[in-house]
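Notes for the one structure printed next.
The chains carry the letters A, B, C and D, assigned in the order they are written, with residues numbered from 1 in each.
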Amino acid sequence: MAIRILVTGGTFDKEYDELTGRLYFKDSHIEEMLRLGRCGVPVAVETVMMRDSLEMTQRDRDTILMRCREAPEKWIVVTHGTDTMVETAAVLAAAATGKSIVLTGAMVPWAFGSSDGLFNLGSALSFVQLLPPGVYVAMNGRCFSWDNVRKDRVLGIFEKIEP
Amino acid sequence: MAIRILVTGGTFDKEYDELTGRLYFKDSHIEEMLRLGRCGVPVAVETVMMRDSLEMTQRDRDTILMRCREAPEKWIVVTHGTDTMVETAAVLAAAATGKSIVLTGAMVPWAFGSSDGLFNLGSALSFVQLLPPGVYVAMNGRCFSWDNVRKDRVLGIFEKIEP
Amino acid sequence: MAIRILVTGGTFDKEYDELTGRLYFKDSHIEEMLRLGRCGVPVAVETVMMRDSLEMTQRDRDTILMRCREAPEKWIVVTHGTDTMVETAAVLAAAATGKSIVLTGAMVPWAFGSSDGLFNLGSALSFVQLLPPGVYVAMNGRCFSWDNVRKDRVLGIFEKIEP
Amino acid sequence: MAIRILVTGGTFDKEYDELTGRLYFKDSHIEEMLRLGRCGVPVAVETVMMRDSLEMTQRDRDTILMRCREAPEKWIVVTHGTDTMVETAAVLAAAATGKSIVLTGAMVPWAFGSSDGLFNLGSALSFVQLLPPGVYVAMNGRCFSWDNVRKDRVLGIFEKIEP
């Protein structure tokens, strides 16, 4: 079985613009990361948008949902900015696509030396192959159900919502 | 639940000796890789040996098995050289420990720029959390049962044994 | 003879803040870079300030000048943001310290994978050992006299002022 | 003025063969390193051979000398394995080419994360522009005359021959 990777931007794919000194989006690094990881799973990579997740709108989330629906694959990994990853997960979950959808991202851009991106990508691609249909967030080597996770913005990690 | 990582050496942990120009083992890089991956799963790292897997003996494999048995955790990841990973997996499987044991490794040393190690580590730590008890090999983003995998030494990838 | 390295900030030493997604200054990376370069020249590293060069004031430049004067060494390398490197060079040149002072910097932060910082540091430390007293800018493998160089902000390179 | 870079192999350009676990030569990384260093000096790169310097013969050294002579440039940088760099320097010096020739190398392959190669390349390209005709070794941020340098094989650094 194949995995569809939907690229939506986020820290994952940010680069450094050496002329302005600012971070920006150019192309996705996912293909390069898959090569580095010697990924042997059949994967179709599709760039849906290149968005900072703080700037993502409801319309953007609807687009991501549409692409999840239209994808022929049952296994979907969505790369996404961490700040609103949980909001997008909720939108995807509400639609009940019947697919296994895993959102992942990175705290440090892949283009930087110390990124967690490759670890998270390996993790998300693995979780998605074993999870039952549903929407999940894979970060920090853990997998959370969409309705039981929040980002701790002070520590920069994802954690379960304690009741 | 926590994961026990048993370090046994392999390409994963090889370093370059700048005085002799040869590759050798010093300390494991697993702790550093877990930090880079911002791993949030409780993990206990234990260096069992630092061995090139082509030089691994039956006695070494017995030692690894013993450590799998003695570990209090149900989830175990073994980092291992790729050349004889499948042989060690067979030894662990024969012993029926009742635990989920995932072997992983790398084609390129972590200390090098283009290693697949971080991807594989993220992958193995994820698979182990969802798999039923048994022994598995996690490489190239895929997970294989111990008795249905071989390393293609020409292509450098792991694949299913076709019947 | 020894070289004094005066650290003033600039792109060289910027880091990525994973909580805010912004670039910021923490500690200088110069010591780490010298280790990586296996630098065998006696070097004294002194952090004067950590400033984005666009925010550098006349008072900051006076401070840098004072440190150049007070340093016991005849050879001085100043790491500096590229945007106003030439302005600081002019202030140092006007003071006629009788020392060889080489300013250098980077277009991409050292903490990123693709930085030119190590190349420029090796270059600046080499030029300073051979140049007569004066103030120079070492960038792109070239060495320019302070009064005959400008940064091309569109191309991101330093070049001679053509008459 | 332009610089000719003569590539002869050495640790600089070694790569990791993930199928055999051995180090080997493929193509030179010099062009990539010049891009990373945003080198603005006109440079002509010429691969003369890809040799481990311990295996270099007198015939190889004669070839390198011939290429130094034939090069139209007055400034020449030779990348070379560190173990016999000094021997090659002696051959080039005996021939009195009237050019400034700087040999440099690396203790750690460029393809690895922690290489000194970029630092040394920046250093050699800078020294060559200022030195009078002669043959030199540029390592560890220092520049040595060909007849006053030796490699300390225990420490892995180059140093002056003390009288």
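Structural remarks
In this text, contacts are C-beta pairs under 8 Å (C-beta built on N, C-alpha and C of every residue); 3 or more make two chains touch, one makes a residue touch a chain.
Everything numeric in this text was worked out from a predicted model, so none of it was measured.
Counting C-beta pairs in contact across A-B and across B-D gives the higher total for A-B. Remark: chain B and chain C have CA centroids separated by 44 Å (rounded to whole angstrom). If each chain is reduced to the centroid of its CA atoms, chain A and chain B end up 26 Å from each other.
Centroid to centroid, with C-alpha atoms defining each point, chain B and chain D lie 39 Å apart.
The multi-chain contact residues of chain B, meaning those touching 2 or more other chains, are 107, 114, 156.
If touching chains are joined by edges, the resulting network of the protein chains shown is one closed cycle, each chain touching exactly two neighbours. You'll find the chains touch as A-B, A-C, B-D, C-D. The part of chain A that touches chain B in the complex is made up of residues 33, 36-41, 107, 114-116, 118-127, 129-131, 138-143, 156-159. Chain C meets chain A in the complex at residues 11, 14, 16, 18-19, 21, 23, 52, 107-109, 111-114, 153-154, 156.
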